[in-house]
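Going in written order, the chains are labelled A, B, C and D, and every chain counts its residues from 1.
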Amino acid sequence: MYIERFSHYGAWRHVAPSAKGIFTLSGLSAAFLAATVPAAAAVTLVFALLTLGVARVAWRSYLLILAPALFFLALSAFSIALSLSWGDSWHDVSFSFPPQQLEQAMLVCTRSLACLCALLFLALTTPLGDMMALLRRLRTPELLIDIMVLGYRSLFVFAQVVSDTRTAQMARLGYISAHRSLRSLGMLIAHTTLQLWQRAGQLHAAAQARSGEGPLRFADQTFPHAGRDSLIALLAGSGLNIAMVIAG
Amino acid sequence: MHIMEGFLPADHAIGWSLASAPVVAYGVYSLGQKVRKHPEYRMLLGVAAAFTFILSALKIPSVTGSCSHPTGTGFGALLFGPTAMAPVGLVVLLFQALLLAHGGITTLGANIFSMAIVGPFVAYSVFRLARIFRLPFGMAVFLATFSANLMTYLTTSAQLALAFPDPVGGFVASFAKFASIFALTQLPLAFIEGLLSVLIFNALKRF
Amino acid sequence: MTRAILEFQAVHYSYPDGSRGLDDCTFMIAEGERTAVLGANGAGKTTLLLHTNGLLQPQQGEVLYDERLLNYRRAELVRLRTDIGMVFQNPDSQLFSASVREDVAFGPLNLGLAAEEVQHRVDRALAAVHLNDCAHKPVQHLSFGQKKRVCLAGVLAMHPRVLILDEPMAGLDPAMQDELLNLLNELHASGLSVVLATHDLDFAYQWSNTMVIMDAGKCVARIPTDALSAQQEVLTRFGLGLPFVVQVWNALGSPRSTPPRTVEELCRYITERN
Amino acid sequence: MTRAILEFQAVHYSYPDGSRGLDDCTFMIAEGERTAVLGANGAGKTTLLLHTNGLLQPQQGEVLYDERLLNYRRAELVRLRTDIGMVFQNPDSQLFSASVREDVAFGPLNLGLAAEEVQHRVDRALAAVHLNDCAHKPVQHLSFGQKKRVCLAGVLAMHPRVLILDEPMAGLDPAMQDELLNLLNELHASGLSVVLATHDLDFAYQWSNTMVIMDAGKCVARIPTDALSAQQEVLTRFGLGLPFVVQVWNALGSPRSTPPRTVEELCRYITERN
């Protein structure tokens, strides 16, 4: 949940989410247009540097956020690069790393990294609430938005409930061995599951108390320079894409 | 197991999104019907999404000593039904992409397909089947959640194999590669998730 | 006697699990009053509050709203819930949205107001609870006391006539309690009637002008706080004890008929006398 | 001076989100004492308590346990968490089993004790908190006060030397508070050391024999409660105010050097003097 914290306090917090969205999408498309490893790496660099610059993220934290994805990347790249071939019998398997597969793995990895950095640019500069407001304007089905809004808020409440209960279990040695851990975890989840209905009931009562029976209604936040920001984003994004086409 | 942002080729990313869209749309439609009748259900769905997210972020102690995360969608399907899990899963996967950098936007369709569609439906049907064969409740829960986790990971392997077929062995060889490499982490995880779900349901029954 | 906004007559309510909520409960909220509802845990305080804005409906008995019988139709519920704003005890179970402004706007939007009016009300409500600075912070980054004030703002934005609060002081440290107390006084001064349920007899004695005692689902007494010294046995009979100030006052031999309300006043009196 | 069970030396802790927890905090738990930790919300009381049984580990500074440096290895943590039992504020987040007995048995089972011994301990712990009747009830049917006592039993069943409680009185009505107070006194009399964090200065003054004041992550003062009247400016300096009884005592002109501890004693003194 590091990302959430940075997203509220960056320098571009008040740039229109639509603009940041457009720029991120153009980043994704540029990454897919990039035909060579250096081209994709360039996209990665553009977004990584931009993010480090405007989101007030230390490069250490940035790497920490990237780490789990890099693990997946390493495993999958290995799988792509590896070639299996069978001989006459089942036991007769040979491994090799043919050069063109190595090359493909490299390209996929850099592209993937470029896309991730583009996504992180959006995630680290734009609070989820702003993104949900944007999705609402883009006519996402009401129910999905409601689930998102309620889910986002409840996330923190449940994180607290789970962490409090887990701490209480630890205080009574609940995670002392693998066997006891699994048992404690089962109790923890069951206990939290029961609170789902309770909390839903409380929220429903609170909504009724403020005359809300139907879909949740929310006021849109206004970003004064949305038009200008989006235009700049569109131009910058197109530039990036054209550069990729020329480079490819 | 999430496929990372940008990992699938563009045509595959679009293809999987198109494959998932109707199921999500149907889920939204049928949940909408339900919410109209029971307004409280709207809150429950939101809370359930948060819960699934938190569940997927919980570390579970695995036999190999390393820590892993359960998917929780099989468990969710048993609680809320498989149709609810497609829209809820969409929200959870979106949150994971934006808050944890797990998965991504371009791979959202593929991840929804494996985790919010295949997993929940497998869990639900296996559970139903097990109950028809009069297996004990705990056994049914174990089989349902175990196979949901397993099928999710096999679907992901198939998605990766389709995108990156082995130049010599084709899809089959590639599938074997991905499936066996990810099996290292996924097999024990599926087993533990099944076990954990049994513990949870046993505890729930006694409340 | 001031006019009654809401009147309960012999209201009876049992929860679906069979446990008693209200039992032949008669109660009223008078215009402009500061009412403190006191009673042990389980005496029915929260159930009473949930009846005041129609979240629960009496199984027997009647609720009069502005001297007319409440019929619980939709239009009337909207009016009731606009006029009588309810702040629950736990802020985490009543804030829907992670954005402060969005959450405060929830009520006004449900009333179908125009966007500008909504914005205006949100600004005013946040100003009233002194939270303008936090308007753009996400709810999860606020302190417990700030969250409580967001809940209050969400209700104020609906322009209620009556404010209902369940255990408003729970979980607040003394500094925050003072702050909230001042806030409640400001709101009361601006014309709102305030009803709150509390365990804290000293706080109720200091703040209220009417005390309502609940026991076993009934409102067993309604005492003007100023007249408390004459009716002390009611408090002791229901196991509530006596306010600290009154205890000391009694020990001093009750030199005046109306005891002071706060420790400060008590101490001033003692110092002056010596 | 009594022997220190646990000693903190210049402990520093920041939360992962960067917010301050403890900052150069020095603190000790002495054998047989009743310590009240006071401070505003966010002063670090809960963080301090979480350090006492190894749920948090200092980022700088040292914790001495029985005069030996704590190394946070597994065996030592087991011993520490057995000896120092922790009761959290909210019972709902620490009761996670379906039945009372099961919940109380959680700790002893984790200690790997034999079934008989577990049963024996559960019975004794439930008897200690006067809850034998409720042993087989499902947890969610208990009152709030009963739940608090189940939490206490769950810790007692591990046979601790020190009992740590976070805001034990929060949410209890006056009758339940009295009951819990008596219970804490019984436990203290049976040889347990008790440390609790609270907002309630009056309660702390009445109950404790040592008061520890926290401010901004530091333990800024450690006052024997009997000597409080001589050190009143410490309390006021950190915005905690003064206990009721002491305020009135001051107004009376502090006729004796040790003021009474409870309202009852104060009233008795006043009556006798008149």
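Here is the rule we use: a contact is a pair of C-beta atoms (placed from the backbone, for glycine too) under 8 Å apart; a residue touches a chain by one contact, two chains touch by 3 or more.
Predicted model, so just to flag it, every value in this text is computed and none were measured.
Distance from the chain A centre to the chain D centre is 42 Å, each centre being the mean of its Cα atoms. In this assembly, the C-alpha centroid of chain A lies 17 Å from the C-alpha centroid of chain B. Separating the CA-averaged centres of chain B and chain D is a span of 44 Å. Of all residues in chain D, those touching 2 or more other chains are 97, listed in ascending order.
Within chain B, contacts with two or more other chains are made by residues 203, 207. Across the assembly, chain A contributes residues 128, 149-150, 152-153, 157, 187, 190-191, 199, 203, 207, 216 that each touch 2 or more other chains.
Taken pairwise by the contact criterion, the protein chains fit none of the simple patterns, being neither a path, a ring, a star nor fully connected. By the definition given earlier, chain contacts exist for A-B, A-C, A-D, B-D, C-D. For chain D in complex with chain B, the touching residues are 97-99, 138, 140.
Residues 1, 3-4, 28, 31-32, 65-66, 68-69, 72-73, 75-76, 78-80, 82-86, 98, 100-101, 104, 108, 111-116, 119-120, 122-123, 128, 131, 141, 143-144, 146-155, 157-159, 162, 175, 178, 181-183, 185-187, 189-194, 196-197, 199-201, 203-204, 207, 213-216 of chain A are the ones that touch chain B when the two sit in their complex. Considering their complex, residues 17, 50, 53, 55, 74, 78, 81-82, 85-86, 88, 90, 92-94, 96-97, 106-107, 109-111, 154-155, 158 of chain D touch chain A. Across the complex, chain C is touched by residues 8, 127-129, 149-150, 152-153, 156-157, 160, 199, 202-203, 205-212, 216-219, 221 of chain A.
Per the touch definition, chain A reaches chain D in the complex via residues 5, 161, 164-165, 167-174, 176, 180, 187-188, 190-191, 195.
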